[in-house]
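Chain nomenclature is as follows: A, B, C and D, assigned in order of appearance, with residue numbering initiated at 1 for each chain independently.
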Amino acid sequence: MLSRRTFMWLAGTFLATRPAFGQAPGSDLPREQLLILENPEGTIKNAGWFNIWAINAGGQTTGLHQNVMDTFWYIDPDHGINGVWDNSLATEKPIYNKNFTEMTVKLRSGIFWSDGVEFTADDVVFTIETHMKTSGLRWSAPVQVNVAAIEKKNPTEVLFKLKKPNSRFHALFTVRWNAMWMMPKHVFEKVGDVLKFDFNPPVSLGAYTLHNFDRGGKWFIWKKRDDWHRTTVARYGEPGPGYLAYIDPGPPEKRVIEQLNHRLDVIHDLSPEGMFTLAKDSPSSVSWFKGFPYAHPDPTLPSVIFNHRLEKFQNKDVRWALALLIDIKAVSMASYRGAATISAIGVPPTGLYPKYYFEPMEQWLTGFELDTGKRKIKPYDPTIGKQIADMLRPSLKDQIPSNPVDIAAAFGRGWWKPDPEAATELLQRAGFTKQGERWYQPNGQPFSVKVMVEGDLRPVMTRAGSIIAQQWRRFGIDANIDVAQGTLLDRRGVGDFDTFIGWSVETWGGHPDLSFFLDSWHSQFVVDVGKVQPPRNWQRWAEPRLDKIIEEIRTIDFDDPRGVELGLAYLKLAAEEMPIIPLMAYNVFATMDTTYWTGFPSLATKPYTNPVSNWGNTKYMMVNLKPTKPAK
Amino acid sequence: MIAVFRDLFRYNGEFAIGFMIMMVILGVAATSFFSPYAPIDSYLVAMDAPPSAEYVFGTNSRGQDIFWQLTFALRNTLAFGFIVALISRILSLAIGLISGYAGGAVDRVLMSVNDTFIVIPLFPLLVLLYFVLRDDMTWFVLALVMAGLGWAYDARLIRSVMISLRTREFTNTSVFSGMSMPRIVTQEHLPYVLPIVFSTFMNNMNWSIGLEVTLAVLGFTDVDTPTIGGMIFWANQHSAMVSGIWWWYFFPTLFVTLTFIGLFLLSISMNEYIDPRSRLDRMGNS
Amino acid sequence: MTQISGSPLDENSYVLETRALRAYYRMKYFGIDREVRAVDGISMHVRKNEIYGIAGESSCGKTTFIKAIAAAIRPPLEIVAGHVNYNFINNDLYALPSKERSAIRWRHLSYILQGSMNVLNPVRRIHKTFEDFAFRHMHMGRSEFEQEVKRHLERLRLPAEILRAYPHELSGGMRQRVCIALATLCKPEFIIADEPTTALDVVVQKDVLAMIRETQSEFGSSMIFVTHDLAVHANITDRLGIMYAGRLVEEGRTADVFSNPMHPYTAHLIASLPRIGDIHPRNALTGSPPSLADPPKGCRFHPRCPLAMEICRHENPALTTLAEDHRVACFAASATVQPTSDEKPQHPEALETVR
Amino acid sequence: MRSYAIYVGKRVLQFALVVFVGISITFLITHLTPIDPVEHSVAQVSTFGFSSPESIELLRQSLRELYGVGDNLWEEYLIFWQRLARLDFGPSLSAFPTPVSELIGRALPWTIGLLTVSTILSWFIGNIIGGLAGYYSRNRILRIIGMIMMGLHPVPYYIVAFVLLIVFTFLLPILPSSGGYAMNLAPGWTPQFLGSVLLHSILPSVSLILVGVGSWFMGMRALVSNIVTDDYVTYAALAGVPERRLVTSYVMRNAFLPQITGLAMSIGAIFNGAVITEQVFGYPGIGRLLVEAVHAADYSLVLGITSIAIIAVSAAVFIIDIIYPLIDPRVQVTQ
């Protein structure tokens, strides 16, 4: 039988003998000046549309919001080039008055649109006022909700007057993944209906302008501006690539193939197996972690999300029982092949959060006691991260770090140890009964749990879901996955699910402030099943104690150290109540090919930003890239 | 009957081969009843083990023994194809015969219905239905839906054969000889139509299973029920091809292909047996 | 109107001669591993310019015999023994390489088949069919050829329009006429007519027969005319051969055979012809024709024969000339009838076959 | 001729009916989908960006007005037909406000090009080889080809496509793995562009042909092996009609006719095939557009594409229906 090794050997020999694919095929661009990135949006239906302020009209991450758009501030999900916070179009942080009803923004001067017009306060005022009088633009709603008026103090200073106090208003202009981008007044003021304007070709505020694009939406090519030094990134030097191509390489296996052929420099995401293949067969490929688990952990927290509106999940004992039935090691193996960064608490173990939250919580977690009704147990096992590492070491050898710090960074710290006994006791206390092999709810119904997953669209989450369902099934719960490919978002919105694998927790990653997701968890927003739940409290968890925390956060400054304390309070509450079962960080297998370019971000050497190519923040990557072989 | 079967087996190569293939397939499918594992459980055995003495067909990245997975997959896939084919045959035969003979208004009405079904691109329809029914779209429901959509093509085929038969002389002679239409249909013409029904039965199984595979691969079916398509779906989820787990594709593909070849061989040998002409040759003018 | 050219022994006056012709169906289908002796040792000849009729119940081997002399042998039918000689090739038909064989088709040897409804290509206009069949034999230009065809049809009193028609647009009779025109276009020496008038209504039948008769005598071609319908034989054939169970049991001038049938089977056939004003009940034969898969030993008719004797059970009567040009195979007919060996050849490899 | 006119008239009516029913069904199903384009957009906006609940509510309202969805089904249905008359399917909801027709117009040529070529090729190849195989049923080479066809034909299309993809883009990377033409080329009648298009169409079309040929082959072989036993073939053979003529005018001619109907009937199925091809090979046709539209809950787009497909396919059937009597003399147009 043809063994896997021989097969790969054959493949290898083929690859060795294959024709040189130096040039991007058919492209007349000098490959050593061209950076080819994956656009995870895939093929853009409406390629000729660059008006990013209109919702869903065209592509966003075609390079458009990474390299053409700009706004006041950027928060880096990792360490940042020069600290987590970067003043982009603004020269300093937002300046609020003491009761947070006004925000002043000081603007950078000497920044020019790609058509040679200078960027000024007028553009800001125009952008805001356009959004105030036009509904249905991407940022119309938040502007209309918050802004009473905007004033131009002078060409480099604007003042926002807010309708009500809001200490987080600047978040609207702070790029995490994206934020509200500035419009070129001189272009849009000539336009009748902003919603119907395609903004083609786009006038750029970033270091690149449109060079060429496929009407079919499979590729977009951007060219470095000759006056790149009149853009905000110039502070960090000249962008390396002369050209950027954002392409749709197709499904994971094709991305692997393309990178093996050096026709795709930056892969946005892969299946773990695809990642391993590249790690094995593509010496020129690098990733966030030098070795295993390679992936970049996004500051989002995949979890088992309960529908708190369903009776069976309203008792925290049930939620806890289900948590104690999960063997996170198996989940990590099943979903990420171990390449997961697990988290027991309600924030992702990414960016600077280990420092802000995980270290402080560790103590508390180890001491945390859970009353099963019959006895008190200490469910937290701080060694699970290490256990995963040990489990993987035999097969992956020295790829697996051995010092605790690296292990914690790569695989996370502890988690809840599986405890069927305790789970049984908890369920029994909640009035559930086991008859024969199956569990029944207090109302006599069999205890069935459907785990909604997104199938092909999020393979890893789908795998996590199916293994968790299996673990519950083994215990006598009628659990199955429910593949809602393409419909998950909608069903999530209207609460048409038992549980699903997804995230209701997303953070700044670099900045400890939790309002980014927590504000929306306030019970005031919770609606009944059938009505659409506004993001992100998909679990529809209503908790007075949490509301208090949220209300206080709203009143304190973004950088107020009190924020961290409140964050910790939330984490403890979440641990006790288990409103969702946190699993791990959303690890994105962003892979970079160093055949043509070096200087990609990586945790060990330079974690200046995340390499995940659809993030607005990746504009900082461009100024760090250098050609591998000096241009001839 | 037994004798016919014995003769078929002994004297018709196609039948013999086809029959043996199907026996193997069914045998494999049947062993699913003795599987040590539940079909949808995963991470039970070592991952990515190539075929070996221990795992005949190897194991996949979900820690499942591909052989046992395959047994379930074959069982479900066969059952699926069979149900679709059976129901749709009944529909198409009935409609084809009726409209082929009745002609006129009946024919037009039936054929408009028919053409509508032919014309609507099924694939988007199935995808849409999947979105509407979601996890109610079990493989059985899917089977019913596809049976309901899969008869039209062959109904038209049968009808056109009917029309050409009707224009043949012997129909008229039998008409004049006072045979009733039903009798003409069943006695004079069914022999010509049956081979078509048989071969289309197989083609239809082919069609339905192929479509099921496709839908499954694209994730538009209930992936909890292992089918051939489902196996490939999971293989894709794990980029099995680029990571060299070729056996995860190879064996499902091999067996589904064998299945079809087997069915096909059976169908053609049946045709030969049923076709009045070849029977004539067989018996000579003695 | 019978003109006997030369004595029976005058070889070259024969157009067709078969000697001890045996054509069997050798079946290995579906285990029914049997041998159907459809034509079992037939020796006969057809003279120039005559219409030789072959009569017999259905499945007595008529059609097989035709196939054999027409070299339309296709497995499982095999020529097991004997010869088929035509004078225009003065050689055994089966000794010819298939190329030459197809060269004589239609030029020298043509056919009028049963069931003319389906013998014409349904999607081809008639004139096309004429071209396909005959053009290459006529050695003339297209236009000439078409003229020739038209003239020929005229001779047969057929409208030229039919040339532009499709088969299904013509009546059954018309189609049959077309077939005759087709078969006679090249004025072949020999025409094989297999039940050409069956399935035609009586009126049409008469015309068609008349037509066959005329053309035959006009072009002086010889013909084998097969039908189970003795009435037809009576008014068209010169000589008549009666077949029973794969064998020729009686042969003679049609008139003689009718007036003086010597074989009990012939007698029975003729007796069972309806006659006007006849009120005697017909004495039907008991039993049914034997299966040719395993025919009875001896005379194959004996199980049904009213005159059966002991010898009939064991010996096979030879076809013996009992009157001028009148041969019979029956011990009861005359003492002079000798037994002949009922030998079945030890499976010689099948002679060459045509598709 | 008059009867033929009547016949055509009837066909026209039927054609209209088919289109009407087909499109209505699709309309209904599309509007039964649980997916709400507005929520989809909202989700899209809020997944990464801001999430203040009041703003979301506001956004939702304004989008509802913008997309003009949510009013009752019946009105939408009527409006839809009014627009369809002008081949205007309204704006795409997932590419608002770009008209659906524009999106389709951009994708359609790719699909049509790919399909016509590969369909016609496989039809001819399959039928001719199949016909010969049926006639010379004893020919060894043809038997072997038959075996191969038989083996290939049943393999689910997806697998054939996938294997081709792996072999020619991974193991032996000599062909592009996706797209309609190479990056940074200007579309136009330049040799470079056309060459690129050709190169990119090899895998999709070959996969379609490989799978398509089989069924034609076997259908034709079956037909022919029946026809050769028909009297008129035997008769012509007896008459010593030259073999070539026999095969072409007697056997093939009669066998081709049903296959023509078959072609008409299979066009719908071919479209299905295209959807998958375009998925596997990332080909920029409407099949791909359709799946994307479905995922994006863009039912105006889904409807647009499906309607176009229905019209196109039924038109093809219609055309073949009306010319069929002209090529098959046996079928009297009266029926």
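Just so we're on the same page, a contact is a pair of C-beta atoms (placed from the backbone, for glycine too) under 8 Å apart; a residue touches a chain by one contact, two chains touch by 3 or more.
Computed from a predicted structure; not experimentally measured.
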| item | value |
| --- | --- |
| Length of the shortest touching-chain route, chain A through to chain D | 1 |
| Chain separated most widely from chain B, comparing mean CA positions | C |
| Comparison of B-D and A-B (more C-beta pairs in contact) | B-D |
| For chain A paired with chain B, centre-to-centre distance based on mean C-alpha positions, whole Å | 45 |
| Interchain centroid distance [CA atoms averaged], chain A/chain C, Å | 92 |
| Euclidean distance of C-alpha centroids - chain B vs chain C, Å | 49 |
| Interchain centroid distance [CA atoms averaged], chain B/chain D, Å | 22 |
| Shared-contact residues (touching 2 or more other chains) in chain B | 131, 134, 167, 218, 241-242, 281 |
| Residues of chain C engaged with two or more neighbouring chains | 118, 168 |
| Two or more partner chains touched - positions in chain A | 11, 253, 257, 485-487 |
| Chain D-touching residues of chain C, taken from the complex the two chains share | 70, 72, 102-106, 110-111, 113, 115, 118-124, 128, 132-133, 136, 166, 168, 355 |
| In the complex with chain D, residue positions of chain A that touch it | 10-11, 14-15, 18-19, 21, 24-29, 42-43, 45-46, 49, 54-58, 135-136, 138-142, 144-145, 171-172, 176-179, 195-196, 212, 214-219, 221, 245, 247-250, 253-254, 257-258, 260-261, 457, 485-487, 489-494, 496, 516-517, 519-520, 524-525, 532, 534-536 |
| Residue numbers on chain D that touch chain A, as the complex places them | 34-36, 39-63, 65-66, 92-98, 103, 106-107, 110, 165-166, 169-174, 176-187, 192, 196, 282, 284, 288-289, 292-297, 301 |
| Parts of chain D lying in touch with chain C, wherever the complex brings them together | 230-232, 234-242, 245, 249-250, 253-254, 257, 328-330 |
| Interfacial residue positions of chain A with respect to chain B in the complex | 1-4, 7-8, 11, 251-253, 256-257, 270-274, 276-277, 330, 333-334, 337, 450, 455-456, 459, 462-463, 466-467, 470, 473, 480-487 |
